[in-house]
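There are two complexes below, and they share chain A, which is joined by chain B in the first and by chain C in the second.
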Partner chain A sequence: MTRYVLNRVALGLVVLVGLAIATFLIIHLVPGDPVRQALGAQAGPEQIEQVRDQLGLNDPLPAQFWQYFSNSATGQFGDSFVQNTPVGDLVGDRIAPTALLIGYGLLVAFLIGVPLAILAALKPNSAVDHAARLVATFSFAMPLFWLGLVLALLFGLELDIFPVSGYETGVGGILKTLTLPAVTIGLALTVIVLRTLRSGLLEVMQSDYIDAARARGLSERRIVAKHAMRNAVMPTLTIMAIQVGFLISSAVVIEQVFQIPGLGSLLVESVERRDYEVVQTLVLLAGATVVFVNIAADILQAALDPRVRLAGR
Partner chain B sequence: MSTSEAATRPLGAVARPGRRARSRPATPVIVGAVIVGLLALAALLAPLIAPYDPNEVDFLHTSESPSWSHLMGTDDAGRDVFSRSLYGLRLDLAIVLFVTYVPLPIGVLLGSIAGSFGRGVDSVMARVADVMLAFPFFVLVIAIIAITGPGLKGVLIGVPIAGWALYFRLARSEMLVLREQPFMLATTGLGYSRTRAILRHAVPNLWRTALIYSTLDMVVNLLLLASLGYLGLGAQPPDAELGSIIAGGQPYLLSAWWIATLPGLLLVAYGVGVGLIGDGLSDGRLRSASA
Partner chain C sequence: MSKTYRAVLIALACALLALTVASCGGDDDDSGEDIALTGLQEGATTTGACAGEPVKGGDLVYARQSITENFNSLKIVNGNGDIFANNLIFQGLVRTDPKGSTKIEGAVADKWEVADDGMSYTFHIRPGIKFSNGQPVTAEDVKFSLDRFGDPKINVTLAAVAVGYKGTTIVDDETVRVDLTQPVPAFLYNISIWPGFIVPKDLVEKDEEAFFKDPIGTGPYMVKELKRGSHLTFEPNPNYWEEGKPYLDSLRWDFATDSNSRILALKDGQAQIADGIPFSQVNSLKNSGEFVVQTAQVPYFVGLWFNHKREPLADLNVRQAMQYALNRQEINKSIFHGVGTIPNSVLQQLKYDAPPSEVKPYPFDLEKAKQLMSASKFADGFSISLKYPAGYDYYKQLGLYLQNAWDQIGIKVKLVEADQSTLVDSFYKGDYDMAFPYAQFTSDLPVPDEYAQFVAEPRSGLNGFFSFWKDPEITKMVREFVSNPDEEERAQQWPEIQKALNEQTPWINVMDLPFIIAHAKNVCGTDINALGSDSLENTWIAKAE
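So, the complex of A and B:
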């Protein structure tokens, strides 16, 4: 197990370094000058040069990369030259709403998706199964921001159950302000949970060991909950880890729809303010989150399933 | 189309239509094709069929609810929402065609090269693709827009930069199987150059999966483009774009719900149409490849 974990972490570190290089190259090689954009049309060439010097943008690329890389690795993200605030502080202030939104969204997805998947898998081609398929087709096609607006219109404005914008802290405040956004993200994710868990369960329920469990006279409930789920949940776990990128992207849009002051709205504001240092940090943070979650999912899978951790021995 | 080829096909790839499928496509496929066809036609012919000029303001008829003269109502400046949506769909689909079909051949070519060489070349290219796929796609495109400034230029650069990796992965995994096939082994035996073997013999066998997958990719890119427009980072006013039309209607959600909600139906319809085609052709397998 230790060997497996070390192996995964090492691979993840390689991908992280790759991410840092890719972020750097993309930001520096795409045509356009962030300084010129930030200072606006009135800025003279000397002024632009001065800011570029100050930011080290006139140094040779490898030197700039080393600067960026060593700073990122030690957690020093520098100051935002547009706002004169440390980037770390800007990001830290905004991280809680986004984390809560994503966590809440996941919770909604599992609360709706898991029972539906079990129902659909136990009775294939039943009404539940067909309904699930129909919902899946629609949800694949729906832009999240649009779904969010429709939910805001129905539950916020017409029925007046939830506020349609803003963010409050505390358990009550979170339930009040984050429920609609989390349901929006959750509904999109539900479909993925439902599809993968349903097909996983369908496959597992046909295996010999389930027949054996039935022959031993175990109740159907116990068979599904204790025997089938443990194997069926594996592909869902993998797919959900892959979906972290989707979750982060959805948070960006949904925070804008419901005016939640999280990392997503910080990203959009920073693009509008041409605050490229904040953008660079947020992109790296998003990429790193995906890598970490995937490592965690791999390790969790190995912990649950001895076949994974013993493979390749 | 030998049976061994079907057996060695990588997981998630789509079975090619055999004799059974050719006889008559399933009903969902036809319904889906009709929806997608109608929408594409409407977008293409927008200047002919749109009842009003998309940017014509009419302060005598602001925020009117949907009626026969204004199918989707009018917005706060009296512009016809239906006409704007048609033009918006036209712009969106044109951009989406570009950002989907520019990276496709690049990805397929790189994938077939990686799969053909194997070893060092392959593992380096595969890691680069993995890194591109590890990024949240949307965030990456936004980062590129931060450099180019809001507007379609950032979309046109940003989406292809990340988009090739998907096609690379599809083509590479097929190539790994393909290169062991007798006819590919024969190209080496016959002394063909590797360039000829890849371009003339491998690529014609690889592009079909990529093309089928690209219809789904178009939906993903369409939603991405509309989301960027909604955030104000995509198409800039006065261009009509579906995402920005919806964003423009959000402040009037209570007084004029149709501005923000009805244009979204075009996006939903397009995606449902493609989903029905994909589902019918592959019985769900195609979609799980995108998940």
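So, the complex of A and C:
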């Protein structure tokens, strides 16, 4: 098991280094100069050169990368040149709304997806089954910003249950302001929970040990909850772990639609201004989250299913 | 699947579609397009709920399109998001009329005299004026602030407005004299905007960074809280010098960069006023009957820049042909929903501009355009690219329109969409054929001096504002204009320059545009100055009737 975990972690680190290199190259090679952008049309070439020198932007790219890499590895993310603020502070200021949004979105997806999946699996090809899958597929297929706007129109403007945009802190404030955005993300994800869990359950429900459980006279509820779910939930967990990337990118879009001051909107602003340090840090953070969640899912799966960890040898 | 289920499914799908389509298209009624434009209002409401005298009190939430990042007037990082916030916190010695005319009036100074030769200005500090923390504004503070304005190492981004600044001398406790190295007739305008704002010397010297986090000025409002990317709350400056102002108890700017979010916040009542109203939404908002849609004439235009290093664009016949080939009535109606003004200048609308009766706009005349093309060195036409900013539906539409219009005179336009950073980068490097360089192209000053020198003064180092166009005749005219202290003569000189530039058409002004805001009917005194900045010290909320 230890060997398996180490294996996964080492692989994750390789991915992160690759991501750091790719992000660095993309943001530095794309046209657009943060200094020029900040100083405007009138700044003379000498002034621009002077600021570029101060920021180390005139050093050779490999030197700049090494600087960035060694700093990042020790947890120093530098200062945002544009905002004149440490990147750590900027991220710290805005991480909570994004984390809450993603967590809440996942919760919504499970709250809607799991019961529907069970219903659908117990009565495959019933009206409930088809309707559930249709609605879920529909909301998945909608562009997120559009789905968000429709929900804001419906529950914000028409029914006046939630505010149409903004963010407030505190439990009440979060429930008030993050519910619509979380439902938007949750609805889009529901189809994944629904479909994977439904097919997992369907398969498991036809297996011999379920027949055996039935033969022993266990109640259907107990069979599903205790015996079938444990096995059926595995593929769902794996797929949800892969979907973390989707969740993070959804947050970028949804934060714009609902004006949530999170990391997603910070990323958009920073890319527009070519705020190198902030963009690099945010992308690395997002990448690290995806890698971490995937490792965690792998380990969880290995813990639940010995076949997985043995195969990893 | 049985037939019944299939029918149920189809019905369900239809219901879902109907629900979503209805709720998003519900109030977009564009049927009144042609007649709708009469109801647009220029300037603040003075009728209905707003007919009476201003009353004190109330909290206002303003949904803003630009985010405020910082309060340092000499380090503007996010354009109008920063500038307009600065305008509420700080003031210069003088300001432009908060109600929107180009008149200069006193702010930190209440009186001033200009030397006959235009080489020095004496300012008298307004008696009893204080910063928001209660400390009096001293001559030392004024000198300190103006010296920062005049130092190109500190005033990096807008050094051009400090042209001719020699130094400030303290005459006595309430009086300073500013000396110039040359007459600068636009000097009062130059010090009226943000680089010239007056700050308390002792506090800035003590800790500049801390000061601009928690700024103190003479403006009508003070910063209560800036929550990055979310909102900015102001409270009234208790020491503000204008009697009784500001009227509001509190003011909050909610940053909503997405125009749909701003409109939704307004309709939902979360905000009572919103800026940056998209052209396509003007009619539906106005027709709803709940909001006032207000326009402000500001120096804002759709500047289409030409690179004169590209041979066809250096040909006057070609440039004029391109002008004549544009049906601006059509563009205004179909793309700008009628809110634009057909320009008679290749620059923004500026003070001293002659009316269209004097300097004629280019009419739509396809025949003339074709004649000019055949008279040019490029009678067989040519291919050229046009770069435009990504993320704006109207630039995309305009690009397609131009492509089609110029195709008729043999010019093949290739459209290239680029994000704003990439676009300005290639613009500043001269790496473009034609470009809309800025999504929102405005002048910093209401007078022509700034842009006239940007485009026609080679010493500015801007190469005809990155067009690489030059015309020694026009340069000579501009030099006379920007150094002539005689106001009346200037008012005659500028229309000559305007006309010459319009004939030369070194680039194209497709359309003059207003700033558009919308607000609830009981929000009054929504004045906007000549540069588009909200004079929120005049804003008040009428009590419900």
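Things worth noting here:
Just so we're on the same page, the second predicted complex is superposed on the first by the 301 of 313 C-alpha atoms of A that agree within 3 Å, B and C clash if a C-alpha of one lies under 4 Å from a C-alpha of the other, contacts with A are read in each partner's own complex, and residues count from 1 in each chain.
One rule holds for everything that comes next: a contact is a pair of C-beta atoms (placed from the backbone, for glycine too) under 8 Å apart; a residue touches a chain by one contact, two chains touch by 3 or more.
Every value quoted in this text rests on a predicted model; they were computed, and no experiment measured them.
For the composite obtained by superposing both complexes on chain A, the positions of chain B and chain C are in clash.
In the superposition on chain A, A:272 makes contact with both chain B and chain C. By the touch criterion defined above, A:18 reaches chain B but does not reach chain C. Shared-chain residue A:84: touches chain C; no touch with chain B. With both structures placed on the common chain, the touch criterion links A:253 to chain B but leaves chain C unconnected. Of the two partner chains placed around the shared chain by superposition, chain B and chain C are both touched by A:149. Using the contact criterion defined above for the overlaid structures, shared-chain residue A:196 touches chain B, although it does not reach chain C.
With both structures placed on the common chain, the touch criterion links A:287 to chain B but leaves chain C unconnected. Of the two partner chains placed around the shared chain by superposition, neither chain B nor chain C is touched by A:296. By the document's definition of touching, both partners, chain B and chain C, reach A:138.
Within the superposed arrangement, the part of chain C that overlaps chain B, taken from 181-189, 199-207, 343-351 or 415-423, is 415-423. Once the two complexes are overlaid on chain A, the chain A residues touched by chain B in the first and by chain C in the second are 30-32, 37, 138, 146, 149-150, 152-153, 157, 164, 256-257, 272, 274. The touching residues of chain C, when paired with chain A in their complex, are 1, 5, 8-9, 12-13, 16, 20, 23-24, 26, 67, 69-70, 75, 77, 152, 156-160, 209, 227-231, 254-258, 260-261, 264-265, 267-268, 270, 419-422, 424-426, 428, 454, 461-462, 465-466. Chain contact summary for the complex, chain A toward chain B: residues 14-15, 18-19, 22-23, 26-27, 30-32, 34, 37, 136-138, 140-146, 149-150, 152-153, 157, 164, 192, 195-196, 199, 239, 242-246, 248-249, 252-253, 256-257, 267-268, 270-272, 274, 276, 279-280, 282-283, 286-287, 290-291, 294. Interface of chain A with chain C (complex): residues 30-33, 36-44, 47, 82-84, 90, 93-94, 125, 127, 130-131, 134-135, 138, 146, 149-150, 152-154, 156-158, 160, 163-167, 256-259, 261-262, 265-266, 269, 272-274. Partner chain A is touched in their complex by these residues of chain B: 127-128, 130-132, 134-140, 142-150, 157-158, 161, 219, 223, 226-227, 230-233, 243, 246, 250, 253-254, 257, 260-261, 264, 267-272, 274-276, 279, 284, 287-288, 291.
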